[in-house]
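Chain IDs A, B and C follow the sequence of writing; residue 1 opens each chain.
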């Protein structure tokens, strides 16, 4: 839905669609007038960019263990700072299209197995070296070698060979993949001189800002790079600064007190309150990120599909969106895909809270006794509260849930993907269905966190990946979605919006459904008005 | 060795060193039983099994524990705290910056709170059971009873957001002047002072009142010495042992226990640094930080012990 | 005991403390709603229906406060008793026995204390099974080190007094000296400390909840209720202030009682001359 909305908004702004018509269509898509209007104003850029000033963001998601090596990027702050000092080959635009960055053009072979990227000419790194296809090759090699520690290794798998020839960087895949360019937009794949082989954490890239201060977990400062190749569109402020503020209340206070110009991860509970503060506006955008409760399909009692269905019917998704997301999000449908993805089928029936069906399936499963659900504050924002809501709604269906709150510390190593029933989240950084399913639902996926082992599903996935006929692909993805929806181990109660709050002195804000803070580009693309 | 006090002092210092050694063993064992895999934690949720296996090998996590303990200990003794697993940087440098920040914050908080606490304690004794005593008790009790983060948020809301007197983000750096730094850390210092004040003040009051019941104080009073001089000359020196003890406990707390204040004000101190690395299972950093905390704590205790010995006439001249 | 001699402040303290105890004991009977029951919208203001408003997921705050009193007072109380029992007896023993007993115990305590409490608790509680008993025992033991140091410091001073010497010459045993000679004379600083330690237990509990090691939801202590509702503080929503002030009021009333006991004991000693 969001993608279509964004597209419509773009049309409206370009004058191809009347404002009224736009609002009408938006309402038909389920967006409130307020959301639609804000989308419109976000899309319409006010006066042009203004140069100068010191632009400051207070962001959650930074630790003193962070490094400037893109291979180690994991949390928000280093990834966002990477957007300041580096560039990738391509980016995914706000309406889900490929936007060319360091690659000037992309040419696939007819069977979608070999892809040629022509590298932009005249781009200079911060150390004065000129960008070549060889730098790109070395970067990709560093992220895909057998001994790499890169967070991008998962998506670099399936590459048979790579080469650099003049201005062209070419990739040959083991199996065809129609979505390869999307994978190259991954935030780890910042092009570094000589691929960063010499000094991976030097922070030398081609981005709009040069690194001047790097105090991990405290603050990061960048100074405008005068030779930036795309200076018209990015790098408006003289200097940019990220202050790491992991505590939600401290973040809000810093914005209210005028110490930063923007913050990320606004708690849905306070978004409405913050909106009322003069001089501050809340920017929310629906995306592909979702919150999940994960059941292991191969572990008792969750190996029984009736029990899985009972739990799926025993969760009140509307209440969760209402209480946990405060309306900043939409209900999930027990599959990891929503309208934010291309090739999504809108006609898959929505599952709702149904105590009768829940107790019917629960009885049929023959299970009795309490079921332990493990959760932690870090699982997702409001995870402990959500688990308690689940506990309450399940109790009304005669199902007893024991909520066990685990320490944040060690949750991702000891509980998630290890324990049979736990809370977790998936960020929205995977722009295509293939990538989402390959990451977490394919039998041999590293993070098959629902233990969904289905050869028939895998076969469909591979077929859809190689299929170039879009209509056929939609059908294949629909079938896969239904399999997960009806037989999978994932309960998806909600898709969360990304919520930022921005001071009115900031110009050029554009919502981006791919991620929070304009998919990390906020400091690079906005300016002080 | 001559005087028995010198003997006692030397004994305490030697014991302190032994204690530190034992603490290092305890710390090492503690970090070994932490659940979770270091490699997995460094790479986080999105790590692939191959990446984890590659990293484990690189980090030398396959050596036996005692070998790693002695390697670590000999490094520490030569002033080498090792290299952080998570970013491959030498620990000493990063910790040095954080430690000096922590000491800066703790130092100012102590500079304000210790004299203030003793003074308020003396005042409370002077005006025992009258309104100044009750006011001091009531206010300090209230501030100590509120969770630190709550106090912090209240100050942020009123002083930073509403009045805009001081910033809520207390990030200091080397390019700031002392005045700027003090302005930046005003709120966290205020919270820390409020938190540690009450206990020190109450102990001062209780310990002096306790001594005031003694016969020699009555004698002094009968001699016609003014009440304030009675407290200053006779009661305070005899009450000093428990007071010093509580002061040292609170000083140690200012150094090692301020994680929550650091989180609330985003202050770049040791506590936050340690917690970040605990959750990443960055064992060398956790060990280094814990060892520094332990030595701060142990040295403060040695000071407390020595002051108690020196201050107490009966201990000074054992029968 | 002559009730007329009880000062007003102590009356207030006793009254408020017993009020809290009453609420804690009878929470299930007097609470208007179920403890975990979701009855309204998020952060509803105070009204006739919800006297204190609702909390961060729409539960009645008054009900939560009553059940919160229960867990808070129970856990902090038991842990304080454990910490005092253990800490003061060991501290006195060390002071009276002296020599290597004192040495070994004091250094062991120093060793325990030299590791930051929160980090210690983090490690221990992630290894041990997470239930109420473990929580209380860990809190009690970690805190008893503080009590130990104080009681030892106080007792060392008393131990060199002539009357203790006299008792020792009379041939009294260790137990007699600790309980009949040292304890009565060490009582006032210890009682003053008792009230504070109780508050520290409440705060320690909330710090543990901060790290996710405290009580399991939907149960909550007041400290974790402050934390759960803290995001509203910047917007003047009182849901976090109420449990915060409840902690303060409980702490003050307990300490008013402690102060009174302190005065009474020192009066007694004054009488002894």
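One rule holds in what follows: a residue touches a chain if its C-beta (ideal position, glycine included) is under 8 Å from a C-beta of that chain, and two chains touch if they have at least 3 such contacts.
From a predicted model like this one, the values you see are computed outputs, not experimental measurements.
Quick check: more C-beta contact pairs in A-C or A-B?
When A-B is set beside A-C, the one with more contacts is A-B.
Could you work out which chain's C-alpha centre is the most distant one from the centre of subunit A?
C
CA centre of subunit B versus CA centre of subunit C: separation in Å?
Centre-to-centre distance between subunit B and subunit C: 21 Å.
Based only on mean CA positions, could you tell me how far subunit A sits from subunit C in angstrom?
45
Can you work out the whole-Å distance between the CA centroids of subunit A and subunit B?
From the centre of subunit A to the centre of subunit B is 41 Å.
Two or more other chains touching the same residue: where does that happen in subunit A?
Touching at least two other chains: 249, 253, 256, 408-410.
For subunit B, write out the residues touching at least two other chains, lowest number first.
Residue numbers touching two or more other chains: 34-35, 153, 156-157, 161, 278.
So which bits of subunit C are touching at least two other chains?
Those would be 122, 126, 230, 233-234.
Please output the residues of subunit C touching subunit A within their complex, sorted ascending.
Answer in residue numbers: 36-38, 42-43, 56-58, 122, 125-126, 130, 211-213, 216-218, 228, 230-235, 237.
Under the stated contact criterion, what part of subunit A meets subunit C in this complex?
248-249, 252-253, 256, 267, 269-270, 273-274, 323-324, 326, 376-377, 384-385, 387-389, 391-392, 403-410
Touching residues of subunit B toward subunit A in the complex: what are they?
34-37, 40-51, 54-55, 58, 84, 86-88, 94, 98, 153, 156-157, 160-161, 164, 167-169, 171, 173, 263-266, 268, 272-273, 276-282
Which residues of subunit C touch subunit B in the complex?
Residue list for subunit C touching subunit B: 9, 103, 107, 110-111, 113-120, 122-123, 126-127, 146, 149-150, 153-154, 156-157, 160, 188-189, 192-193, 196, 199, 202-203, 206-207, 210, 223, 226-227, 230, 233-234, 240, 244, 247-248, 250-252, 255, 259, 262-263, 266, 269-270, 273.
Quick one: which bits of subunit A touch subunit B in the complex? Just the residue numbers, please.
So the residues of subunit A touching subunit B come out as 58, 63-67, 69, 72, 74-75, 146-151, 153-154, 201, 213, 215-219, 243-247, 249-250, 253-254, 256-260, 408-410, 412-414, 416, 446-447.
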